[in-house]
């Protein structure tokens, strides 16, 4: 199947006109598949997601080169909320639930995702969310700010699910959750993917669990993809360990300790 | 102590407090949605009152039609200000935006004086004029009816915030802009909506205020007391705006009668200083934790 | 950057005026300032004196708001404190005018420090609102402390005299206010060559990291408030002497907004900005008056639109500069200068 | 090379300075045959309702007197500019007009301005009058070169109190005033005057400037239950509101006002509620045709419709100036401020052409003469209820 | 000998624990790194040391003195200098003024002498200028941009100016928050060289937070690993790399195949 719901080609992102975070990153997400995007902190994973959902401008960032196409259409020409309404839902890092609103009001807010869509959403959407997350149904009158971390993550995913997305961007759903909860959440994510045919681009630090779920994985560093492949291949690769733990396995990179004072010498000579 | 008199003063104070609360809601609405401290709220209120004057007296329209036009005009003004001046500055230094609203206030005063001159005017009376008695206590009909209208309008807006889908979108945007975007909420439209609604409320408050005491181009000063109200209540708290509005209305009445009219605003501003020193986030506001 | 002006020492490199062209200009400006009273009529001298007073106050406000980032809407009220102190001393002690002026500035500083206390608790917009509160409370004091301020009736002040010359007219007063203005501006410019000025800017740009770098925030914020009110006090004292009478309505909140507008229009955080802004904002009503005069054959009741127009233009300048030229006239000036410097080669 | 570069750097600012100085040179000097009346006139801003009328009145008078042959053969010229009722603008206008013209008389727009400019009058030998009736200015020692166009505010209140004491001795009186310089002016003297006349001061109620809601003040008034309530320091609002509320609360207090509230506007704006409202007015109303009044006739001839009392005030300014100038010229004295003042002090029983109902005399800087009128809504006019009252 | 020790530091914001009983010792003259996944509490630890956050429990001891209750400026005066994660330069100043500001705590000019700028103030400014030119600008090779406004500088140079500003304090302890984030390989090498030189030539102790494992492992003498606000490992780079807790924190735990079955993921070919 060559049908890709998301194609990112050679994008570059700059914050505040000075800080370049992405340097020619490319990846694709096939329809109904889960793709994991891994990498150390600060590698640019969240930025990739924000670039995709067109939210960079909120943080004074901008796409300075490259192209992102969702469902065959260039995202640069679409508004952030327009993208959501076309089926691209972004579950942001840190869950970002509306803390002053109740669970159900959070879902109401999320129902804007289906605004103007012919297949509609309506209350059927709520039932779908509650079916996957019965816990949310129990707490639907509670203020979201008082939910536990796991419940908030459920709500965040539930809100995205309400938009009947074709593609979900998941930013570190495991962040700050205990291992048991992580497995619960990921089980539901897998179910959603399987039953709703939602494609997913999953950003994770927890490489094991991400690769267990994914069909394909990319590992990035310093704003570009360095290795990609199937989960089995990536898990077997020593480089993965290096990127995460800095275990100097690779041959070509010299140690930072051995960098010479060449610049300074040159200066004294001139 | 003359308790009946005290009670009457209290009622009168709450009457003014109702108008403070109403205007404060407009202020809070703008603050919550766009994080703008809008010092021009008093001038928006003044423009609303003058629009009513223009329609009811200038064009001699029936008062109810004039009110509708003035409310719509106030809403349009809010939207225009948001779209034309505020939105280009969102994300900039909040202090710049604050100063822009000071400038806007000045522009609005100038425009009103250009059209209607600076002469004070009185508005046609549309309230019933039969005196109101609560028990033995007298309440001026204007005060009573404006309080009733303010209360009804506030209640309607509270219900809208609570149950209307657009109200939920507003609160969602106020709580987390980025997340609102990612829910498919058209955030810029929400900004316009917030400023538009605030413009409507302010215009309504202006009509009420003007029908009590007449209108003039400097009635925007009312906005400064409203500023104190929202600081005391907490900039982002609707409940705070309501309670602080009533509290300050009552306090001013008390000060005016028992200390003298010159003390009315003094107590307000002393309260402001005390709140800023000891509880800057207000009685019901959210305390923001500063992060690096 | 100018090329070809090597410095012999770091002291020379740290000087306020570094190139010969700058010095030539400075002497020229001085010559113009000295010659001015001999060619201008009283009206234009009046305007220049008023501008000088406004420059002093705007410079003070710029130190606080433009450089330290603490918005204040209390500058006029602090001027009032200076003016009333001067007036009271003038009427009750007969002490010489420069003592009165310093005492007025000192009193304004003291009041400014007290009004600045909320800056230890709150910042940004809350602080701006606190200064509105302080203005109102001061206004109340001006009106109601009758034994000192004569309440709403206001106080008259005798003109100062120096070496037997009574400075009761713009042509003589000029020689008092102009040197004071020049000195006050130079002092402010000096301040920003030292660690204190840098600390102010650091507080404006990033107060928290400034504190982590060793800057005592409460201390410097209060110092900035104190300096701004000192300038306001001097300006207020001169205002009292210049107009010869003050009353509570001489220093309304609108006047504070005027000074805020002046530094926005002129350029926040530049000394030049305070000067240009004060000049521009003082002259704007005059320019508008001429404009309306020109328009009067074409518009009915042209004089009647002047005041509303002034109010609207006043607001439009604030909004326009913040939207389109946030660095103010000082930045435009720099661009013009660069253009002429490189002319006819376009950059 | 260096020269041309320097020249380039010099060019722009030199041009700018030249431009700035260009306006600085005196442009015109007054003709010696002219008598010039300068004016800082509040044609816009909160006092515009009166300022525009002053301006018209002065213009019309100047045209009229010059048609009559001027003052002893000299023409009177009026130069007025708008101040927006802002003190600094008033001073700026004064500076500009006096630096351009050889001004003999000046019209000021506010107490604050008239105080501020006092020192200047001395130096420039200018005699001043103006819109202010502040008691503060009624002090020939401090303000030797100024005079008022009628009774000062304390005297206006005094006239009202004299009337009350006459009508109902021992009555209870309340003062209601705004917390402004204007509003506070006559209150302290008024209170002592009331006691002097054997009246009881039942309450003194202050309203903050710009206060829209006077609910609590109205309740305070009801508690005081005065027979008379004197408003001062307002133009219109909140007087109608007070009166309406008092009616609703079943009070039968009689309400009174001072000069600036006593114009026809109060009937037009307040409608029914204005009926019975009383106050002091020094000038004859446009429609008051009792007795000979040549100046009022001239006004009526010029304008077929109602003219405000502030318009008449403009004419009065002209009449008094004419009187002073004429006498000074006849005495052959130069137009210095002190000479003009001397003339003013020497005048007695000045004929104002019927603007005042009787010949007037200055006491200090003011003319303490006025009459009590009552609004009669059915006629749509102010009707006199007393004779002219002159305070000693 | 330890220049800095942190004992049992506990910090929480409204119920969320950012740090739980963290102990750390920084040896004088060492380069010590703090690492850990996102949200592990590294920056909170830094902020507690520089005094911006006030921990609920625990002590911070610097050069044998308990500084737990000292406010940030006083800590700076004692010789704790730092840089910030997202560059905290003063954008309204030139490079020179930014760096001079670093020397603030070493200067004594009072208000009056500053206003007149005669004698003392002038001498002190010139003296500081000379020191900065010789010690800092020359060392960091930024003398050519001394009069540039910092706002327009490229990212890499801004980072360097920030380091210069911290060095102008002549700090005894230099804290670097992600000194090479967002840099390319060459820039990272330069920065690594500077850090090593600072340690050697300035006799300054370096404490840093950094995500680039390659660099951390190459130049650090001692590494502390935080996760969920707790210290999970400490030691030499090689020891830390091999620590199973660390590997779990970064890569997640468990065997990927059993994990996949538990999550109920699709069974499919690799």
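Chains: A, B, C, D and E, in written order; residue numbering restarts at 1 for each.
FYI, a contact is a pair of C-beta atoms (placed from the backbone, for glycine too) under 8 Å apart; a residue touches a chain by one contact, two chains touch by 3 or more.
What you see is a predicted model, and the numbers here were worked out from it, not measured in a lab.
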| item | value |
| --- | --- |
| Between B-D and A-E, the pair joined by more C-beta contacts | A-E |
| Chain of greatest Cα-centre distance to chain B | E |
| Chain located farthest away, centre of chain A as origin (C-alpha) | D |
| Rounded Å distance between chain B and chain E, as computed from the means of their C-alpha atoms | 47 |
| Whole-Å separation of chain centres (CA-atom averages), chain C against chain D | 35 |
| Rounded Å distance, chain A centre to chain D centre (Cα mean) | 75 |
| Touching two or more other chains - residues of chain E | 52, 84, 88 |
| Touching two or more other chains - residue numbers and ranges from chain C | 143, 208-209, 304-305, 307-308, 310 |
| Multi-chain contact sites of chain B, meaning residues that touch two or more partners | 113, 117-118, 262, 265, 292 |
| For the chain D and chain B complex, residues of the former touching the latter | 44-46, 48-49, 179, 205-208, 210-220, 222-223, 235-238, 240-241, 244-245, 248-249, 269 |
| Contact set on chain D toward chain C in their complex | 6, 8-13, 17, 21, 23-26, 43-45, 48, 52, 81-82, 84, 87-89, 91-92, 95-96, 98-100, 112, 115-116, 118-120, 123, 134, 136, 142, 179-181, 184-185 |
| List of chain A residues in touch with chain E within their complex | 18-21, 23, 40-43, 172, 175-176, 179, 183, 186-187, 190-191, 194, 205-213, 215, 222-223, 230-233, 235, 240-248, 253, 255-257, 259, 261, 263-264, 267 |
| Residue ranges of chain B in contact with chain D within the complex | 2, 5, 8-9, 12-13, 15-16, 19, 113, 117-120, 122, 129, 131, 138, 140-143, 209-210, 212-214, 216-219, 221-222, 253-254, 256-257, 260-262, 264-265 |
| Residues of chain C defined as touching chain D within the complex | 21, 24-25, 28, 32, 36, 39-44, 46-47, 50, 143, 151-154, 156, 159, 168-170, 243-245, 247-250, 285-286, 289, 303-308, 310, 336, 340-341, 343 |
